[in-house]
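Chain naming follows the written order as A, B, C and D, and within any one chain the residues start at number 1.
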Amino acid sequence: MFQIRVHGRGGQGVVTAAEMLSVASFEEGRHAQAFPSFGSERTGAPVVAFCRISDKEIRLREPIMEPDAIIIQDPTLLHQIDVFAGLKLDGYVLLNSRHSIEELGLGELVKGRQAERFCTLPATELGLKHVGRPIPNVPLLAGFAALSGIIRLESVIKAINEKFSGKVAAGNVAAATEAYNLVKEMMTGGAHA
Amino acid sequence: MSKPFAITLKPGTSLANLTGTWRTERPVYINRLPPCNNACPAGENIQGWLFHAESGDYEQAWRVLVQDNPLPAVMGRVCYHPCEGACNRGQLDESVGINSVERFLGDEAIKQGWKFDAPATSTGKKVLVVGAGPSGLSAAYHLARKGHRVEIQEAGPLAGGMMRFGIPKYRLPREVLDAEVARILDLGVRLTLNTKVANIEQSMKQGGFDAAFLAVGAHIAKRAFIPAGDAAHIVDAVSVLRSMEGEDKPMLGRRVVVYGGGNTAIDVARTAKRLGATEAIIVYRRTREKMPAHDFEVEEALQEGVMIKWLSTIKQAEEGSLTVEKMVLDDKGVPQPTGEFETMEADSLVLALGQDVDLSLLEGVAGLEISNGTVQVSPDMMTGFPGIFAGGDMVPSERTVTVAVGHGKKAARNIDAWLRGATYQPVAKHEIATFDKLNPWYYSDADKTVRPMLDMIRRQTSFDEVQGGLDETNALFEARRCLSCGNCFECDNCYGVCPDNAVIKLGPGKGFQFNYDYCKGCGLCVAECPCGAIKMVPEET
Amino acid sequence: MLKQTEGSKAVAEAISLCRPEVICAYPISPQTHIVEALGEMVKAGRLTPCEFINVESEFAAMSVAIGASAAGARAYTATASQGLLFMAEAVYNASGLGLPIVMTVANRAIGAPINIWNDHSDSLSQRDSGWMQLFAETNQEAVDLHIQAFRLAEELSMPIMVCMDGFILTHAFERVDIPSQQQVDAYLPPFEPRQVLDPAEPVSIGAMVGPEAFMEVRYLAHAKQMQAIERIPQLAAEFKQAFGRDSGGLIRTYCTEDAETIIIAMGSVLGTIKDTVDEMRLEGHKIGVLGIISYRPFPLAQVRAALINSKRFLVLEKSLAVGMGGIVATDVRMAVTGTGLKGFTAIAGLGGRPITKASLHKLFREAEGEALPPVTFLDLDWEAVNKQLERERQTRRSGPVAENILHDKGIVSAKFG
Amino acid sequence: MGFQPVKFYQTGTFTVGNRLLAPMDRSVQAGQTRSNSINSGHRACQGCGEALGARYAIDAAMAESNNQLIAVNATGCLEVFSTPYPESSWQVPWIHSLFGNAPAVATGVAAAMKVKGKTDVRVVAQGGDGSTTDIGFGCLSGMFERNDDVLYICYDNEAYMNTGVQRSSATPPAARTATTMPVGPEPGNVFGQGKNLPEIAMAHGIPYVATATVADLRDLEYKVRKAMKMHGARYIHLFVPCPLGWGTASSDTILMARLAKESGMFPVFEAEHGEVTGVLKIRRQVPVEEYMKPQKRFAHLFGTHARPDMVARIQAIADRNIRKYGLLEDEGN
């Protein structure tokens, strides 16, 4: 079972991200379970959502305390809450930022872990560029697909098309594709690593 | 559908619960005597005939009316309508114009040529009626309807009595009177005119009459002692009015003084005015309030220019002038002389001081009691001589056409019983439906219809009828102002206001009945009955 | 059709397939997504004929459902928590009148302190209302139970609550098989009311019943639920035949054949429990699970039969009878009366407190060792509680309890604002 | 307004029936075939205004709906006295659910009729002043706001009579009830600003709002029939005196309603879409004393410890109604 935790702020599509991740996994014939950190948060408040992916039925209902991957939609959260709590030693981290992990001062965190599993992506800019809105969730999902290989880009695109339609869907697909390629490029090019 | 136990009930099943057991008092439908009926000297069932008139069934209304009074067209003109004085509606807005509706019905009957139903049976008995005045005509009519053979012997040249020879034409057109008399005669009543009965016993024996009803009226004018010069022109009102029916009209001069305060005085004064008098002055001892004449007649006379000199007595009459003394009323309302005199000009003086009865036909009849110039009769209208009854002005009572008609009816009933060897048992009268028994809320506001009056010039110069009749719309309206005091008129209030649906409506004309199985005795029906036709009575204990 | 979808949306689709004729909606978390989805379906004309009524309160929601049901319409509503309490009078009324209304309860705690997260306090507070209560373990079961609920409710002419854990199920995206309309139509016949308001055949519904018949009426309601004990397994079996899935029934056992210790629970926590039990089984523990699906009627005989061969049981419940202990546990103990079985109660997950495998591992081991007090409060912060108790001993006015505890726990209350 | 103008016929339209009217112009209550929606054998007190008002109103609704009617009843006297197991007085399909939810239940019934295409079946909800102005107020307002196709009839007898005459928000100032006893410097119910439910209903802008009394049957029937001709939320506030609660003679029930209207204490009017379209004028104005004196609930304002000051304040309320609604003929309107 692969467990992902998504951090962000109300209004950034955090819950949607987890849900789309589960849909993408479902499209690949796997079981998936997405759920929010059921709360009464309003726009701007820190929000958490979860997603489990497994090849068999998922019965577990506890919150994800030891995630295999963490997606952070808003880098300002780094200074406010312990977004990395419980991250497994071999875990993935994908951060929405124009800056590198080092630039963000996360060098300490990466120590003793697999540095290639840490990555940043200017997702907000991608969202603005392709969809016209500063919503980073879809680019991050695609970036996560590239980073982790847990899901395929095509599955993310399927989830996008299930969630959106028309211009919004097309923009998101474009953003996702660019994000996917960007991360792939970074991983192979190692430009930031 | 199998319905859930107790949760769901069948409709209307509360009929099993007889709430009538809650009652300590029960409502009962009653009939109360309407005050109009009670006040009618002719005993008319006024409310009864108004009921039919309300629905526009005038013939039925007329038929109910003439069960008691054969002269509605006359009565609708000359009756002083005590019914209207008693009418409960008078306490609401104005009394119902009963008299005007009666006249409408009477006129309608003449116009439509409605006839009385022929008597169903013939008794073979013969009754002599002496006098063709209102009392005699009434008695003859009722006797005829009961199947007796009736002959009226009348001293005068025409039927009608005081209706013809006492009441001026402008109040009672003669064609109306003639029509109603003719209708009575059509029943088979025989009328013999110009036949003065000199001796009643003899006349009965000669004619083979089984009974007689005497109604000779009061045609002899009362005289007062007034010192008068030879040339003074003094006449009595009876003669004046009687002569109006003849060829030669009375010569009263330009300035006429009438002495008296009754309706006859008014009639004469108004007649004088019409005959061309420039001044018609009534001299009366007391005040207007004390005047026996009906106020509306006084009012009409004043409108026509008749003058009235109150608190005055005539002390002396000379040619062209009268001496009059001023009077004052003492504590008891009796006029007392003041010693102040004045002179007034007068071409003639008409005395209207009342009338006496010519009782000569009774001379020698055994057992009769005469006092104050009238024949005494028992409550069944019979004189002291068995088989001889009397009524109208010749017996002690108020002297009006309506009273006379009532006497005729009452006498006829008693004569009929006497002829059958029985005693007439009047139906017990119901309790009177007084105003406090009504719930007047329910009656719509509706002012009395004003009857049209002849224009003043013609009133002063002709003998055309002064007061007009109602047209059909007005008559209907007026009839519908009746409150139906004391008797159910099917307004459905009891049926509607019962919270327990305990009033059963039997259908049009059939009224209602209480369903005592469910009536809880709340009394709402009694309180909300407009006409007081329900009352609460205690349950038997 | 298999779908990856939100629990609420799946339930809404299931309701829609049941062809409800009147839906009453009043927002309260966490049931809102269900009626929102239904509202959209009605407005879009995808669910027709159906009246979707936005009422002014839960009390009105149930009342509208009562009126609709009494008039012969298939009626549905959903609520949670305070909403259920606010409609409580009408809840009792609906069952008293025998109206087969189906209502989703997205289980949520009852305040104060106000709390929107999951536990079972709400529907359990309506334990004696006369409504049947079926608890879903998964969103798939929530979907299936609703379909079965309409059939059962209408057969017996009694209302049913389908209970699903708020947020944990309602807001969870997971795989759900949504049946086809044909399948549901074949399983669920049109509503044939037992009593109906009809001008053609007037009846008076809701009469005042005095001492002479009230007990009988109540007994008949009880008898209906006893009939349901028979019908629920039959309907589940028919469901399996038609839909090919095990869903519903009175109880569901897991690894109980040789179990010495049996964990009893209701709702979604059964999944976490099963995972924990699997792990313990791998370590050789003789432990099993008994899930109760039908809380009302309570399947006394079935629970007894499921437990009779074990040595001990632990009822883990998301509810608390304050001043007493467990609510479900009381019923379970009645089921095992006279068996000599050792029973424990664990109160867990109140107000959405996560029930973790880690805690369950510890708890179950203690249960196995019979090292538990009769009532355990799982993951209770004893330090905070004791501090507060101490404060109260010392000062009459010790301040707001919740605030104090949050301070003690080092959590800034503003974060929860 | 109030009733079809009828040609003058002896009693006009004040009596229940009038044999001189054409049958079609007569009241429903005058008919031999009226529905008697609430049948004999019910257990209402002697002279109950509510039993009367309910039959008046529901029979009229039955007539207008061609007997296609379903009635919903709130808890209260009407419900208790009409349906004690095993007997029901209702001859219409009828349901009682709770004290405070009749409007919502009616909404549900109406929704069921709509969804089933039974557009000819109409729904009436009814309750006393307690259920209407107090406990069921929220549901009523919701029903109004949604403009559900329900005619709601409030039978106002100005207190909780079913439970033993306790104050409701419709209880008039100074009136004695079991919870507003005639003691202290301000005996009886408080002088508050009142809760004018018809006006609150009007504020919802619903198609029709009317007040009526059991003393003006034609007016009541006219309003019920008019309301039944319309669709959407409609409200009729019907004044029904209670002999028990008011301490009046059982035979005075209608008189009390009449005096309430004639004194101006209970303005009778109708409104469409929030605007007053007609008032029933006072026919024979009476001072409020005439209305109050026969009622034991006001007895403490008269007699040995008379409180003319409080009576004057009540007269002021009536005067205000008269001004506000133009209840007198010469006051325009």
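Here, a residue touches a chain if its C-beta (ideal position, glycine included) is under 8 Å from a C-beta of that chain, and two chains touch if they have at least 3 such contacts.
Please read these numbers as outputs of a predicted model, since none were measured by experiment.
Student: By C-alpha centroids, what is the most central chain here?
Tutor: Answer by centroid distance: D.
Student: Averaging each chain's C-alpha atoms to get its centre, pick out the one most distant from chain D.
Tutor: The most remote chain is A.
Student: Quick one: report the Å distance separating chain B from chain D, using the average Cα coordinate of each chain.
Tutor: 50
Student: How many Å are there between the centre of chain A and the centre of chain D, using C-alpha atoms for each centre?
Tutor: That pair's centroid distance is 65 Å.
Student: Quick one: chain A and chain B, Cα centre-to-centre, how many Å?
Tutor: That pair's centroid distance is 113 Å.
Student: Quick one: report the Å distance separating chain C from chain D, using the average Cα coordinate of each chain.
Tutor: About 44 Å, centre to centre.
Student: Would you please write down the residue numbers of chain A that are in contact with two or more other chains?
Tutor: none
Student: At least two other chains touched by the same residue of chain B: list those residues.
Tutor: Those would be 6, 9-11.
Student: Give the residues of chain D touching no fewer than two other chains, as numbers and ranges.
Tutor: 82-83, 85-86, 88, 90-94
Student: Which pairs of chains touch one another in this structure?
Tutor: Listed by label, chains in contact pair as A-C, B-C, B-D, C-D.
Student: Quick check: in the complex, which residue numbers of chain D touch chain C?
Tutor: Listed in rising order, the residues of chain D that touch chain C are 67-70, 72-73, 79-80, 82-86, 88, 90-98, 100-101, 104-117, 121, 138-139, 141-142, 145-146, 148.
Student: State the interface residues of chain B toward chain C in the complex, per the touch definition above.
Tutor: Answer in residue numbers: 1-11.
Student: What does chain C use to touch chain B in their complex?
Tutor: The contact residues of chain C facing chain B are 96-98, 157, 194-196, 201-207, 209, 213-214, 216-217, 220.
Student: Any idea which chain A residues touch chain C in the complex?
Tutor: Residues in contact with chain C: 18-19, 22-23, 25-27, 31-36, 38-40, 58-63, 65.
Student: In the complex, go through chain B and note every residue touching chain D.
Tutor: 6, 9-19, 22, 54-55, 441-444, 446, 477, 480-482, 484, 489-493, 495-502, 505, 507-508, 515, 517-518, 520-524, 526-528, 530
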